[in-house]
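Some structures to go through are shown next.
Next come two complexes built around chain A: one with chain B, the other with chain C.
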Partner chain A sequence: MEKTKEGRKGVKGMNYFKKLMSINGKKEIPSDVVPTKAKEIGIDHLTFEALKEIINETFGNTTDLQSDVIRVGNSEGCIYYLETVVNTEMLKEMLGNTLENSADKDIVIATVDDLQELSKKSFGVSGYKLLKTVNHIVSSILEGRIVIVFRGVGQALSLNYINSEGRAVAEPTTQTVVRGPKDSFVEDASTNINLIRKRIKNHHLRFEKFMIGNETRTNVYMGYMYSIANEKIVAEVRSRLNEIDISAVFESANIEELITDKSITVFPLAMNTERPDAVATYLMDSKIVIIIDGSPFVLIVPAVLTDFFTSPEDNYQNYFMSSFVRLIRYISFMIGLIMPSAYVGVLTFHPELLPTTLLLSVIAQREDVPFPAVVEVFIMEITFEILREAGVRMPRAVGQTVSIVGALVIGQAAAEAGIISNIMVIIVAITAIANFVFPNYNFANASRLIRFVLIIVASILGLYGVLLILVFMVAHLSSLRSFGVPYLAPVAPFIVEDQKDVFVRLPIWSISKRPSYLSPNIKNKQKPQGSPSPPKPESGKKQ
Partner chain B sequence: MIMLTEKLSLTQIFTMIINFLLGSSIVVGVGIEAKRDAWLVVLIGMFIGLIIMSFYLYLMSLLPGKNIYEIIEYCFSRKVAVLFALVYLSYFIYISSRVIRDFGELITSAILPATPIEFTILMLMLVIGYILYLGIEVLGRTAEIFSPYMFLFILLLFIFLYAGEKINLTNVQPILSSGIKPILKSAIPSIIAFPYGELIAFTVIFAHIGDFKITRRVCLISVFVASLILLSSVFLIIATLGENTAARANFPLLIAARLVSIGEFLERIDVLVVFIMMLGILIKSSVFLYGGLKGIEYIFKIPYRYFAMPVSCIVAMFSIFISLDFSDHLIEGLNIDLFILHVPLEFIVPIFITFIVLVKKWKKQRKEEKGLKV
Partner chain C sequence: MKKIGVFLCILNCLFLLTGCWDRKELAEIKVVAGMAIDKGEDAKYKVTVEALNAMELNTQYASGNAATIVEGIEGNSISEITHLFNEYFAQFLIYSHMKLLVISEEVASAGMLDFIDFLERNREIRDDFNIIIAKDGKAEDILKVSAHYRKASSLKISPQLDHLLEDWGGDPGMSIINFISELTLEGKEPVLAAVRLKGDREKGKSMENIMQVTPDAIVVVDSLAIFKDRKLVGFLSMEDSRNYLWIRNDLKTTSLSVECKKGDYSSVRVTESKTEVTSKWKNNKPDIHVKIKAEGYIEGTQCYKSVDKLGTIEKYEKLVNDTFSQKIKDTISHVQKQYQADIFGFGEVMRRQDYHSFMKVKDNWGEEFSNADVKVDVDFVLRRSGIRSKSFLTETEK
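So, the complex of A and B:
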C-alpha cells in the first residue's frame, strides 16, 4: 500500500510540475473570472426600453458613461458614449449642426432605410457604422465611438469621435541616428501606420487587424507587403496571432513572447524598433511587422542574428564607413561577451599568453588585491549591473548623483582602496561600453547574461571552458528558428548571394536582391546596375 | 516514430569532412615515423584517401538514401544487419572515445595540467551530446561557422612561424634520403586507416544528402583540401622542429606553435592551436558518435536524440577506461586497432557488402529482363 501511495504522490508531483510548465494546458476558468461579454442579440428583437436597460446594465455604475435622450425630427433616440474617451467638443458641434438642425424638418426615423439615408446625408464623409447586435454596440462604445439608438429601428448608428490625444511624434529615444529621419513611433497605432504609409505609397502594403487580450481587447495590426512577403510566413504569423489566448496585452514585448518559436533561449527571436524608416526598410526586405496599439515599439519578424547588428543608419552613410561600423559591432559583441572571462582565464590559467612586461605590470597592480581574479571580476561586474539598473530606473533629477558615485567612488576609490586592480576597471568599462554599441537594446541583454556564465566557466576551466561555452552557444544559436527561418542564416546555412549586406554593406546599387533566406515572392529589388560614370567628354570639343 | 528529415548543405559537408580528417591527425601528427619525408607520406595518403572516399561514395550511390545499416539489411536480413550494426556502432563509439582521449591528453599536458582529465573530457562530451541532441544539422552549422576561424588560425600559425624565422628548410632536405621504402611502409596501411579509412563514419551521414553528383565532387575536393592542410601542417612540424624532436613529441604541432615569438609580444600561442584542434576533435568525435547513435536508432527504432546525452556520457567514461596512459593509448591505436578493427571494418566488410549489393542488383535486373521477355 505504501508503495502505491508513494507512486501516486510521485505522479501527482509530476502533474503539478507539468501544469506549471505547460503552455497549452487549458484549465477551466471559474465563471466569475470570465470577462463579461455582451450578448449576441440582434437589436431588432428588443424593444427600445429593453435595449436601454441592457446597455445600462452592461456598463453598471461607471460614471463616465453618458446616455442622453435626443430628438431628431419627430423621432426619439438615445445617445451613448464614454465621455472620457470621446472628443466632446466635436460631439457638441455635431449634435448642434447635423442632428438638431434636422429637428425643424419633418424627418421620421422609423426604419433602417430611414436611418441609413439620414446617416449618408449627415455623416457620409466622417464615417459611420450601422450596428446590428448589442455586442457591437458595447464594443463600439468601449472603443470611444458614440452610439445612437432610435426607437423602433432595428440598427444602431455609431459615429467616430474618438479623442485621440497622445504624445506627438518626436525624435526616437532609444535608437538615435546622426543622419536620417528623426521621427519615431508613438503609442497610437493609427499614427504609426500613418508614418509607415507615408514612406511606402503602395497598394500592396496591407495591414490586418487582430483583437488580442480577452480583457484589454487591444488592437494589433500585422503589416506586410502583399506582393513581396512570403505567404507561408505571413500565414504562420497570422495563425500564431490568432491562437493567442491571453487576458491582457500592453506592450509589443508581450506579443513577442507569445508568438516567437517555442524555445528556451536568451536571444531575441523578434526585432523591435521605434523608427518608421527601419520598419519600411524591413517591409521592403519582405519581413512582417506587428504594431500594437499602445506601444511605440513595433515588432519585426522573422529576425535573424545578423539583423541585430544592422542599423537603419547603415544605409544612410558611406558604405565603407557602414561596413567598418558593422565590423566594430561584431568585434564589440565579442568583447562584451568574452573580455571579463578572458581576463579571468588568462590570469588564472594561462599567464604565459600575456607579453612579459604587461604580465609584470598586471601582477604588480594585483599585488594589493586580496581576491582571486574571478571574485574581483564578479564584484565589479555586479556593481556595474547595479549602477546600470539604477541609472535606468531612477528619477531624472538625481541622475547626476549616480554618475558621480559610479565613476568616482566605485571606479577610482575601489582601486585605490585595494579592493580591485586598475586593470579591472578598464576591463569592466570596455565591456560595458561594448555592450552599448548595438542598435538593438534587447540583443545586448543576451550577451550580458552569457557573460556571467562565461566568467564562472573561465574560473574553472580557463580559456578551454570559454571555448566550450562558445561552441555550446553557437550550437544553440544554430538550432534556433524564427518563424521557420534559421536564426543564423545567411551564415549557417551559408548563402553566398546574401552576403552583400551582412558583415559588410556593399553600395546600394549593387544589392539587387532581397535576402533569399526569407524566400520572398519577388527576389529582385531592382535591376542589377552600376553606379553612374562621369559624363564622357563630347568628341568635337577640345580644350 | 517521428523522425525529422535532416538535410545538410554542401558547405556543411565540405567543412565537416575537412574538420573530420584534420581532427585527431593534426593533434598527434601523421607519418612522423617516416622522419623528414613525413609530408611525402601524407601526399601518398592523399591519393589513397581520394580513392577510399570515392569507394565509399560509390557504395552509397548504389542505394541512395540508405545508410550503411540499411544497406546491410538490404544485403542480408534485419537480423544479420542488427548484428553488424552492433559491431559497427561499438566500433564508432570506441573510435569516438579514442578521439576524445587524444584531446583530453592534449588539454591535460598542454594547458590545464592541474585539472583532472575526467573533468575536461566530461565537459567536452556534454557539449557534444547537446549538439547531437539538437541534430546533425546543428553539427553541420557549427562546423560551418567555426571553420573559417580554423583556416585563419592555421594561416596565422604559418605566417608567425615564417615571420619568426623558425622554418628551417634544411630540416626537410634531402628529400627521399633513405629511399621510398620507409615512406611506403608508414603510408600503408597506417595512413590509409588513419585518418582516411575513418571516413567510413560518413556512410551514415551521406544518407542525408540530396544531389549525389555534386556531392561527390564536393567530397573529393574536401578530402583534397584537408590533405593539403594536413600536408602543410606536417611539413611545418618537420621544418620547424626537425625530425628528431618531432618524433619524440606527443603533440608536435603544439610544440611547433610554442616556438612562435614575434616582437616579444606574440608568444606562447598554444591556445590558438588548441582551438584549431578542438574544433576538429569536436567534429570528428561527433560524427563517429552520430554514426553510433544512428546504429542504436536502427536497432531499437527510437529516434537517436534520446540517446545523445547518455551515450556521450558513456563515451566520456569509456575514453578514460580505454587505456592506462597516453603511450599505452598510442600503442593500442597504432598497432593493435589497425589490424583487428580498422582494416576489417573499414575495408573488408564494405568491399564485401559492395560485392553483394552488386550481385543482388544484377540478379534483380536479370529477373526483370526475364520478366519482360516472358
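So, the complex of A and C:
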C-alpha cells in the first residue's frame, strides 16, 4: 500500500520533467499524413482511371513518380514506381522479358485469379505481393517496389525491384579489434540481418518488423532468440516499440531514447554496436537486438553497467590478457572520472597526501601559474573538450591543422606561457586517454559529464566532496533499471554464479551458464566441462 | 514526503556542515621540513623552522639561491609560535610534511618536554618524523646547515638516520608516539639519537658549503641520548647504541668486527637476529637474561685460515659469541653504574613476566636495575662465507 502511494508520487514528480523535456507529450499530427478515406477503399471499388487519379494526387507532382501504361498480352495495365528508388535496369529487363515479350501473346488478365496465375508463373520466387487497397499501393511505391494495376482486376501486383545501392560491408570504424571478424553493419537493415543470420544458423532466431515514424515510416526490426530470450522482456520491448509515436526516426539513438526506462540519467541504458559478432554474442546471452533501417548502429537491450566494460575482443584473446585488459578498463574509468578533481582536491585541501618530493615539485611548477588550481583545471579541460569536438566535426581535409594546433595549445605553449603547469598537462592527457579506453563511446561520455561536477565540488569541499558525489553516483546507478534488469547486476544484487565473465573472464569452457540476471529460458549454454587433456593411461600400464 | 524531507536534511548536512575552511592554494603555502626547539633568552622557548624554497629544490627551476629559510621566534607556547611565522614569511606554513624535530641538549636536560603535547595533539603534524637531540650547541644550528643531499638539512638528516638504522644500527628509530609511550611507561626510559654539528657553524649557513667535496659544516650522528625521569642525563657511544638496539630486538642488520689473531680482524655481517629477554626477581634483586640468536656471513677477513673447514667456522662463531656477549654486558653495566636508567626496558619485561615482584619495586626501579644480575648469551651462526671460501691470504701464507 505504502509502495503504490509512493510510486504514484514519484510519477507525479516525473511529470514536470516529462513536460519540460516533452518526452511523452503527444502532439497533433498534421491531417495530410493520415490516410484519407479514399485510400482505405479497396481497388475493386475503383475504376482504372480513378485509381490512377488518386495515386497521382497522393504523390502530387513529384517528378520521380512514373506511371506508364503497359500491355501484357491483350490486357492493359499501368505500372507505378518511383524511378529514383527502383532499379530501372532490372525493371526494363523484366518488362521486356517477362511481360511484354511473353510467349503467351493472347494471355488475358481480367480477374484476380488470372493475376495470381501470372504472378506465380512469372514472379514465383521474386517476392511478389498482391495488394488490395490504395493505401497499400502507396506504401509499396514508397518502399521502392513497383506496382502494376490491370484494368478491371481488383488487386494490384507489387514487385520488389528496390535499388539497394549503399555502402558495402566494411571494417568497423568505431569499435575496432586486433583479432576477430572485420565486418561491420551498414545502413541497409536487410544486409545487417543477413550478417547476423550468417553467424546464427538457427530457426529460433526471430525478427519482428515495426514501422516507426509517422512520416518517415522507417523499418525497425527486433531480433531475439525465441528459445533463449525471456519472453517477458521480449514482450516489454515489443510493447515499447509499438507505443512509439513520433514523426521521424533516423538513428538507433532516437529509438534508444524512446524505449529505455524513463530516467533522468547520463548513463546509457542500451548498448549499441556496429559489430555483427557482438550482436550474435549478445543474442546468445538472451539479449534482444533492435535494428534500424538506415543506421549501422544496432541497439542491444537490456544493458547493464558491466556490459560497457566488455569488448567482443575479450572472447578472442587469451583469458588472462582479457581479464587484465578488463581491469585496466575499470581503472581507467576511475582515472577518467576522478583524476582532475583529485588534483584540485589534493592541491587545495590535502597537500599532506602527496610525497614531499612530489609536493615540492608541484609547488615549484605552479609558482608562476596565475590561477587557482580549479581554474587551471577548467581551462585545460574545456580546451580539451573543444579540441575533441573540433576533431570529430572538422572536415577531413583540415584534420592535420587541428591536431597540430591542438598539441601546441594543450602541451607546449600553455605550459611555457605560464598559464598552466606541466603537471596539469599530464593530468589532462591521462584523463583524456583513459576516456578513450572504452569499447563503447557513449559510456565514456557519461564519465565526461560527471567529471566536471566532481571538479566543481572538489574545489569547494576537497576530496570529501569527491567522495560524496561518488556515493551519490553509485546510489543513482543502483536505482537505474534497463528493461527491468537492475543496472548494477550482477554486482548489486551480487550474483556469484555470474561473476565468471564480469571483472575477469574465465576460460570459455568454464562459463557454461548464461547471465542469470537476464532470466533466460535456457540457463545452460552447454554442459559443464573442463579443458581437454591427454587420455589417461590405462590402469596397470605405466607410461 | 517525510522521506524526502529527511533526505534533504541529510543532504544539507553533508554539504553545509563542511566547507572550505582549510582551503589553501599551493601558491600560498610553504612547506616546513624541520623544527628546532631551543631555550629562549626572553621567553621559555625559541622555535626555529626550516621552510623549504620549492623553486630551489627543483632542478628545472633552481637558480642557485638558498634552498631553505631558517628563522626562529621566541615565545612561551610553541603552538602559538607556529602561527606567528608570517612575521617572517609571505606564505602560510604547513607542518604536515615535517621530517625532523631537533631538541637542544639544554632543553632536554632541563626536562622541558611538555611541548610534545602540541606535536601529538595537532591534526596537521604527523607522527613519522625523526626526533633528535642536538649535542653541544643549539638546535637551530642543526637546521642552518646546507646539505649536499636535497640541499635542506632536515631533508638530509631524516633519511640519514633511517638508513643508519637499517644498515648498521645507530639510531633508535624513535617516533613521537613511541617516545611519548616510553616517557610514561614504567620500567623503560626513552632514548633519542643525538647529532652534532661538525665544522664551522657560520660557513655552513651559506650555499657555498655544498660546493665543496668536504663541506665546512656537516651534521653527524654522534651518540645515543639517555633520558631518566624525563630529563636528558647523558650520552652513549655509537657502539653502545648498536648494542642497545640489539638488546631491544630492533636491530635490522649490522657488521661486527672480531679479533681473529692479535692485531688482525675479521668482520661478519649480521643479517638476521632475534633477542629474547627474561627478567625475574631472584635473590632479592632482578635477574636479567638476554638471549640473542643471530645469523650472518663473513664479510672480510685479515686472517689467512681457510673458512671452508668446519673448525674455522665454529671458531669464528665462538669468537663472535664471546666478544659480543661481553660487549653487550659492558654496555648494560655501564648504563647500570653511570646512569641507573633502564633504557633497555628490562623493568617493562619484568612487569609482564613477574608482575607482583615488579610492582613492589617499581617506584625504585632505577636503583634496583643498577643492582641487577645480567647474563648475556649470544648464539651466532655463520651461514655463508661470501663468494669465496679460501682467501688469497691462504695462498700467500703457504
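What we mean here is this: the second predicted complex is superposed on the first by the 493 of 543 C-alpha atoms of A that agree within 3 Å, B and C clash if a C-alpha of one lies under 4 Å from a C-alpha of the other, contacts with A are read in each partner's own complex, and residues count from 1 in each chain.
The working rule: contacts are C-beta pairs under 8 Å (C-beta built on N, C-alpha and C of every residue); 3 or more make two chains touch, one makes a residue touch a chain.
Because the structure is a prediction, the values reported are computed rather than measured.
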| item | value |
| --- | --- |
| Combined model on chain A where chain B meets chain C, clash or fit | clash |
| First (chain B), second (chain C), both or neither touched by A:I426 | neither |
| Which of chain B and chain C A:Q365 touches, first, second, both or neither | second |
| Contacts of A:A492 with chain B and chain C, given as first, second, both or neither | first |
| Partner chain(s) touched by A:F349 [first = chain B, second = chain C, both, neither] | both |
| First, second, both or neither for A:A373, with chain B first and chain C second | second |
| Touching partner for A:I522 - first (chain B), second (chain C), both, neither | neither |
| Partner chain in contact with A:L467 - chain B first, chain C second, else both or neither | first |
| First, second, both or neither for A:A475, with chain B first and chain C second | first |
| Footprint overlap on chain A, comparing chain B with chain C | 349, 352, 356, 461-462, 464, 468 |
| Complex contact set, residues of chain B against chain A | 9, 11-12, 107, 111-112, 115, 119-120, 123-124, 127, 130-131, 134-135, 137-142, 144-146, 264-265, 267-269, 271, 274-275, 278-279, 282 |
| Touching residues (chain side chain A, partner chain B) in the complex | 349-350, 352-353, 355-357, 461-465, 467-468, 471-472, 474-476, 478-479, 486, 488, 491-494 |
| Interface residues, chain C side, partner chain A - complex | 1, 14-15, 18-20, 22-27, 29, 31, 33, 52, 54-55, 57-58, 60-61, 94, 96-97, 99, 124, 126, 155 |
| Partner chain C, residues of chain A touching it in the complex | 9, 347-349, 351-352, 356, 359-367, 369, 372-373, 460-462, 464, 468 |
